[in-house]
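Consider the two complexes below, in which chain A is the common component and chain B and chain C are the respective partners.
On to the complex of A and B.
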């Protein structure tokens, strides 16, 4: 129980269907999102109450982020972007509860989400624009001799997107949770190490308190960053001509 | 984690990994398939529920409110326009009524002036006529009176001469003398 990385352990709950604590918290996050939003909007009030205000703020926040980046036509991706944002945000915040599993600290989960985004961009890009979508890799206004070079760079940058998108979220959640656990462990270790050293144990505790606040910020911020980057990539699919 | 721990603080971050599993848990590839499958199921269900149920409801509420506010504003604007129209119609009616009243007053004044003018003229004409008649009467009387003057003069002259001479002059002489003085 002591290891700071023990919290990332995927433990089977129903092994036959591969149902693990990870699956449980994914379903928990999804259930919380759907249930929470349905509960918040149950009255369909013209003048919103507190819960409905939160739901409306989340809706408007994602809608504004999406339309600011992609314009009005980006709204066809609104349910997708909203699902992504809510899922990542809820998973991140659920992970802040002690003893809870953080789904987004699993690289396979963040990579799958990033792959879903890039897959959507590629499929929509080709369906909507055909081969014109490849103009994404040949920016206009580049001198002819520079074009092959630029194209290679653009392709590499495009291919590195799912990696950076997934690694950013994964690394942030992982590092934050490890740091919290390590400082928490320090408190216990110092406290039990002897009468003189025990006096130092409040110091890592203070650090852990500060880190907890920081981690809440990171949890929300990384969900936002994931969403903004998703919007930017979707904008490439909507307007490949730059 | 808060279990009684006798290891030193420094070994916790590194040494603990051995106790749990040989590989770093997030890189334990044997969990990947299960997680991907459950993520796919969860995300598809989440996406479906959000896009078919939750978001239409949420957008509906927001859209509804926006439409209602827009409708209210439109109605207010329409009412304002109507009020302004009514105001300008009132102004117009007022101006018209004023104009009509003025015209009526003008007309009445002109009619009255014409009437009194006509009356005055008639009166004047009447007076003039009477004046002329009176003048004619005066002239006639004067002529008549002047006619008598000769007779009186002749009589007087005859009486004076009779008194002076004791003998009445012949009327022809008197007439001749009168003619002479007159000339």
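On to the complex of A and C.
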């Protein structure tokens, strides 16, 4: 029986240029987003058709999330946040197709995305606010002798952001896909275990069906959570305390 | 959409107006209403996030990631401090403890028990 973590193996497809199945699905996700959105908006009708409505709903959803968290000036980050949301969502949902590779179950990928976010926050924060940005680490109203500790803790807390951002997405996708595979494996091994035990094999099958629905929820939810947290961190770059 | 009252009123006021003028007047009032509505939306401050995550497992993952990442970040910083200053193992020990504190801070902030300190002096 296949091991439940075999699905996460990165296999080279074209070894010379290090093109792996991970690269293939990343390019696939990006191509699907670009192609889908171009197809959906090709008419630019005043009264949207079905495809255009979907594109508009996605746009408005991300735009509302962004402006709710960061205010109107956050809209300058809209292309960045929208790309992130669409990439994570598409990669998560592509991974739900049986036999497909889940790009976001690789911590390298999610950490690269999180690093992009935190890099944007740091660079924009320093460019827009200069050294004032460092006030993020020194909360006001703290007694003087406590300030060094609080500052160090705040810095570590800030450094932990890309880690928690990447860890959350990675752990959710990894755990969900392993659980699905394990329950799928139970069906097979119970079914081949003998007459009496084989009667039990529909039970894990039911569980796998339920888990599949849950995984679709998690795939969408994690893309949303990633986006919301990106917005919150960008908000720190736009309005770092005082 | 358009209020029948309003349309009747306009028709009565200028009974001899052409359809074009009527349409442009209605477009103007629509424009005014749209700009008013968007101004209201722009004025609204960034709303606080609703705290209701739709699934408990998502919440559990979220909080555990917040805490664990604090400890991991502390560990990485401590390891780097040890490598840079050659004071092994003290950097790792101290920074792990501070990382534990940072993880707790993340956790309390994520659960909304304490407000982010940087917003306090705004109010």
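Rule of thumb we're sticking to: the second predicted complex is superposed on the first by the 238 of 242 C-alpha atoms of A that agree within 3 Å, B and C clash if a C-alpha of one lies under 4 Å from a C-alpha of the other, contacts with A are read in each partner's own complex, and residues count from 1 in each chain.
In this section, a residue touches a chain if its C-beta (ideal position, glycine included) is under 8 Å from a C-beta of that chain, and two chains touch if they have at least 3 such contacts.
None of the values given here were measured: they were computed from a predicted structure.
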item	value
Fit or clash - chain C, chain B, common chain A	clash
A:104 touches, of chain B and chain C: first, second, both or neither?	neither
Partner chain(s) touched by A:83 [first = chain B, second = chain C, both, neither]	first
Chain B versus chain C as contact partner of A:152, first or second or both or neither	second
First (chain B), second (chain C), both or neither touched by A:92	neither
Contacts of A:164 with chain B and chain C, given as first, second, both or neither	second
First (chain B), second (chain C), both or neither touched by A:227	neither
Chain A residues touched by each partner, larger count belonging to chain B or chain C	B
When the two complexes are fitted on chain A, the stretch of chain C hitting chain B, from 21-29, 39-47, 57-65 or 93-101	21-29
Chain A residues contacted in one complex by chain B, in the other by chain C	none
Residue ranges of chain C in contact with chain A within the complex	42, 45-47, 49, 53-55, 57-58, 61-62, 65-66, 68-70, 72-74, 76-77, 95, 98-99, 101-103, 105-106, 117-122
Residue ranges of chain B touching chain A (in the complex, touch as defined)	1-9, 12-13, 16-17, 19-21, 24-28, 31-40, 42-43, 45-47, 49-51, 53-55, 57-62, 64-65, 68
Contact set on chain A toward chain C in their complex	67-72, 135-136, 139-142, 149, 152-154, 156-157, 159-161, 163-164, 167-168, 171-172, 214, 217-218, 221-222, 225, 228, 232, 235-236, 240-242
In the complex, chain A residues that touch chain B	1-6, 8-10, 18-20, 22-23, 26-27, 29-30, 33-34, 37-38, 41, 44-46, 48, 52, 55-56, 59-60, 78-80, 82-83, 86-87, 103, 105-109, 112-113, 116, 170, 174, 178, 181-182, 184-186, 188-190, 192-193
